[in-house]
Amino acid sequence: MINVGIVGATGYGGVELVRLLLARDDVNLCKLSSVSFEGKKISEIYPMLYGICDDVLDTQDKVVDACDVVFAALPHGLSQTLAKECIEKGKIFIDLGADFRLEDEETYKKWYGCSFEDKALQDSAIYGLCELNRDKLRGARLIANPGCYPTSIALGLFPALKNKFCSTKGIIIDSKSGATGAGRGLTQTTHFTELNEGFAAYKVGSHRHTPEIEQTLSKMAGEDIAVTFVPHLLPINRGIESTIYADMNPEYTLLQIHDAYVDFYKNEKFVTVMPLGTAANVRNVRMTNQCQISLHEDKHTGRLIISSVIDNMVKGAAGQAIQNMNLALGLPEDRGLPILAPAF
Amino acid sequence: MINVGIVGATGYGGVELVRLLLARDDVNLCKLSSVSFEGKKISEIYPMLYGICDDVLDTQDKVVDACDVVFAALPHGLSQTLAKECIEKGKIFIDLGADFRLEDEETYKKWYGCSFEDKALQDSAIYGLCELNRDKLRGARLIANPGCYPTSIALGLFPALKNKFCSTKGIIIDSKSGATGAGRGLTQTTHFTELNEGFAAYKVGSHRHTPEIEQTLSKMAGEDIAVTFVPHLLPINRGIESTIYADMNPEYTLLQIHDAYVDFYKNEKFVTVMPLGTAANVRNVRMTNQCQISLHEDKHTGRLIISSVIDNMVKGAAGQAIQNMNLALGLPEDRGLPILAPAF
Amino acid sequence: MINVGIVGATGYGGVELVRLLLARDDVNLCKLSSVSFEGKKISEIYPMLYGICDDVLDTQDKVVDACDVVFAALPHGLSQTLAKECIEKGKIFIDLGADFRLEDEETYKKWYGCSFEDKALQDSAIYGLCELNRDKLRGARLIANPGCYPTSIALGLFPALKNKFCSTKGIIIDSKSGATGAGRGLTQTTHFTELNEGFAAYKVGSHRHTPEIEQTLSKMAGEDIAVTFVPHLLPINRGIESTIYADMNPEYTLLQIHDAYVDFYKNEKFVTVMPLGTAANVRNVRMTNQCQISLHEDKHTGRLIISSVIDNMVKGAAGQAIQNMNLALGLPEDRGLPILAPAF
Amino acid sequence: MINVGIVGATGYGGVELVRLLLARDDVNLCKLSSVSFEGKKISEIYPMLYGICDDVLDTQDKVVDACDVVFAALPHGLSQTLAKECIEKGKIFIDLGADFRLEDEETYKKWYGCSFEDKALQDSAIYGLCELNRDKLRGARLIANPGCYPTSIALGLFPALKNKFCSTKGIIIDSKSGATGAGRGLTQTTHFTELNEGFAAYKVGSHRHTPEIEQTLSKMAGEDIAVTFVPHLLPINRGIESTIYADMNPEYTLLQIHDAYVDFYKNEKFVTVMPLGTAANVRNVRMTNQCQISLHEDKHTGRLIISSVIDNMVKGAAGQAIQNMNLALGLPEDRGLPILAPAF
């Protein structure tokens, strides 16, 4: 049995971890913490857990003491100290936040306003995009779980960048996310009556995921990549769709590129390249750890258009974190991770 | 391995069976049929199945030949002949339609316009409300899976009727169902733009589930019960909420009734009585085989008010059908049936 | 020109008044107040007003000074003092809150926890259900605008109670409201991800509108009426549907009752009795001041079932308030009040 | 009084015309036609019209006979003959379809599969984007009402192209439309349960609006423009948001461009440039004839990003058609056209 704990269990990332981990018979979900609801049962906050998980929410310290694997789903900036403590105590630490995602401290400072507290610790963190860093993640102790937008985008572009199917210049990414991406905290923007029947871009050209996207794409391409990234908020609960525009390499046909994508991902359990002529839809990956990708071409302008969809709370957060745990512990990578979305 | 087939696999009940059965490692989902899409892959109709289940849809006959357990999700009236054939060939037949639910032929004729083709066969069918007929369902060969509305209502009222916590006269049931209840067939009523932001009652006092509701409640009470039943269509995908109004027996307090409900259902895996002071919500049972019940009292009019929620496609259709299969085969009743809803 | 002001203009009732009053060419919307946003432009809070109404939000006192008609959309309990001041200064005061709706002080204390500050002022208030109190509303100075649920219910039952088409005993009302009914204030219940795809009852048997409903129905029937009232929250923005169950008087047929309803409301601009065989739908009254009513019968239990729909923000709040202003000022009652809902 | 008729009145464009025209006191909506529902009352199809407009749907010929202005909301290809007849009979003909939008016959053939039946008639048609062709539209007899996507895009880019604020090369447009854009016809894609909680691109790089977009942008820029255009389907009823990406001219700052946009549109009643720092939202233009535009810059890639929103059924169809009628008849251009969206 793996003794697992969650710090920040009542946030959306946290409770999604609870849901997925409760389905495991090899995991002992032994301690949950929450600053806001300490002392309450988690089923008081989330009544679907009533009678299934009525654990009392405890402190962060208790989680660290009780568990061998610690997931942290905390506001940005709060994971660095906790990670250090966990690593020193021999725990595996998987951070769902952004504190260990960026390699460059200046970039981190610029976008998040914090410094690296421990440069060596930062250097030891593995960026948990399994499809990119699988080998390093096996046996890893400190894992930075990727952001939701970056996951959808990086998986959509990986084979194209690797094989130079498109130019690395001028990539434009238009992403749309369901409302769980904004978390459990109440805002006017996510008040039902103000999101329902609405749609808008937000943080245009200034979303914090931009440097993470560029860092990952640059690694994939082997050269520096700058992108234009614009997120939008969808009036649905779950799902990210990223439509990616890139100048297509005229040496290849769409069919060749599609074949190469299928081949590239043929051993990946959680990436599916959809048949040509269909378009990826967020509803087909809901509640699953899958990324589905569809490929398109605008012939008259010579553009490759990639649509990549994930469930932002599973492959974009809790599911990928568990995939990382499985890798870190040497377990089958897909254990406990759903791949089949409900049809409705 | 259990060889299972589905007749009518591309309807909503059918594809939900596919989803739930694919998760089982003791089930071989060996044959699917569809009149509308024979010869096509089911993943062409439901792209979330792409790469997971690409079975070609075959004929009803092939399903019968290949399988030991046959689920039928057919339009009303088409199951009787098929059931006869299956039973004669030694198969277990579980009907998600209404052809075997009603005991009285006149009632069946009046509401469905068909006759009983084989009275003995009709008599041999077990009504598959597990919480009511568990003993008869063990080893059963022909099972009539209950309707969605009747399931939510019967489970909500069972302890009250059994223990005379309320009058059997004057029961009123106001139910609301998500749009999957109307099925995959296209209608103006379920066209997105015409259901979204809308809400209305339908088939007021004339819904076909009325005689089934009354038949089950009468059995539970040990006397004839007539109810007023009004369904409404909700602009959501899944879920039924039934608000049930009954004159409360003044010999009991709400607290006593609640305690008795908790006790009555304490061994039921799929029925949860929520704490007093909370209201059952369809979102807390989505994608699960659970029924959640909350109890309320209107003191100044002396009414017991029961809110009962289920996922119409799981406990109200495919999930309960699998629960019935488990019972029929002597397997653990809850095998392969989810109980924890996603938080969002 | 009528000089009109709104106290509490940034709440949902207030901003709906702004929208409807801006369309009038005989109204000078001269002053808006807001405690929360004083000093800001209302178009900063509601960007649809940008370039159309960029008024700076001022204090309550400024509204009173500048206007001849004062609408108040305030939290319960805050209107009594303001009303007194307005009446003393010769203004017309229309209260969208509950402070002047109940005639009995004990009932008010029990449900709202406040006392009547000025009994004579309370006695002078006219309950603004135009279809019931039209004559008293002509020239009225202090008007208590009805609650949203009570409006839908009272209009649905008025002809039946007046003509004894149903028993006054045992009436049950199952209502469902869109999320604007909960207002602009942020709550977990109205957080997009927690209301979307959800549905539940709330305040079962204990909603504050219950005494108002009973007071109005009792007046209509000429005898004391007690009802069971259960509200539910719908995942839509606008609209209330009330399904009303009453024992039908066997001396009448549904056809006769329908004819009588049509006749009763034939001169009402804002009440439409729908044809037999159709069901009232909230979408057909969205953004309008209409109430649509459909009548049904459950023959086998002898029940009259009435479905009554309104837009909770228009006929249930701002629209009815303007209808009241029109009556108070001797203007055509329907001036500036939309009756045609968008088809989608 | 203007005698107006609608051919194809029961489609979504048609019924939106009905709604807007019924609000006019200078319009006599004298005849409506429908092939599908001839002989029925329009209020049987759209119950919100019950008691307000119970006109019986007639034939196309009757519309032509009875009216001076004919709006046609027909499937593509059916307007050419009708337009010829109307023009010959001295009527004003406003086509909501695509038959007269494209100037080049080869392009029309390629995208729509039909020929120009009467080249001179085609040449006489005025493209009804009022902000571009206002002078030609005054007194026009044959007007091609623009498509919904092209309207949102052309208005978003007009000042930029006119003033060379961005490059004319490499423009990418990522658009998202509500479900009314797909019309009243039933499809699996717009079945409630399959669109709700879903989101996907469609017709990637191959949507029929592409040549219309390019034709209009080319006119605005004074040079040939090719764009990449990808539409997506939103699970909302109304609204189009187009996010437009273009290389920004480094000679200008965003502030200068914003000032120029405000100035460019300062006399336009139906185009609003939103303040810098805010993002255009479809909810702020629902039910109105407005286009709202927000401007953004991605400094690190040098891109100008424009978000342009309209209500696809009003400014994108029926509202713009009425704006065109007003111009054709010499009436105030904004008569009868709403500009203020409901707040929720």
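Letters A, B, C and D mark the chains in the order given here, with residues in each chain numbered from 1 onward.
Keep in mind that, in the parts below, a residue touches a chain if its C-beta (ideal position, glycine included) is under 8 Å from a C-beta of that chain, and two chains touch if they have at least 3 such contacts.
Owing to the predicted nature of the structure, the values given are computational and were not obtained by experimental measurement.
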| request: Would you kindly say which chain has the C-alpha centre located farthest from the C-alpha centre of chain A? | output: C
| remark: Counting C-beta pairs in contact for A-D and for B-D, the higher total belongs to A-D
| Inter-centroid spacing, chain B versus chain A (mean Cα positions, whole Å) | 36
| field | Approximate Å spacing (C-alpha centroids) for the pair chain A, chain D | value | 38
| request: List the centre-to-centre spacing of chain B and chain D in whole Å, with centres computed as mean CA coordinates. | output: 46
| said: Going by the contact rule already set, what residues in chain A reach two or more other chains? | reply: 12, 180, 193, 196-197, 235-238, 281, 283, 344
| query | Of all residues in chain B, which touch chain C in the complex? | reply | 170, 172, 174, 176, 193-194, 196-202, 204-205, 226-230, 232, 234-239, 241, 243, 245, 279-283, 286, 294, 296-301, 303, 305, 307, 309, 344
| remark: The residues of chain C that touch chain D in their complex are 12, 15-16, 19, 22-23, 46-53, 180, 197, 237-238, 272, 274-275, 278, 281, 283-285, 287, 313, 339-344
| Touch list for chain B against partner chain D, complex | 12, 178-180, 184, 186-188, 190-193, 195-197, 235-237
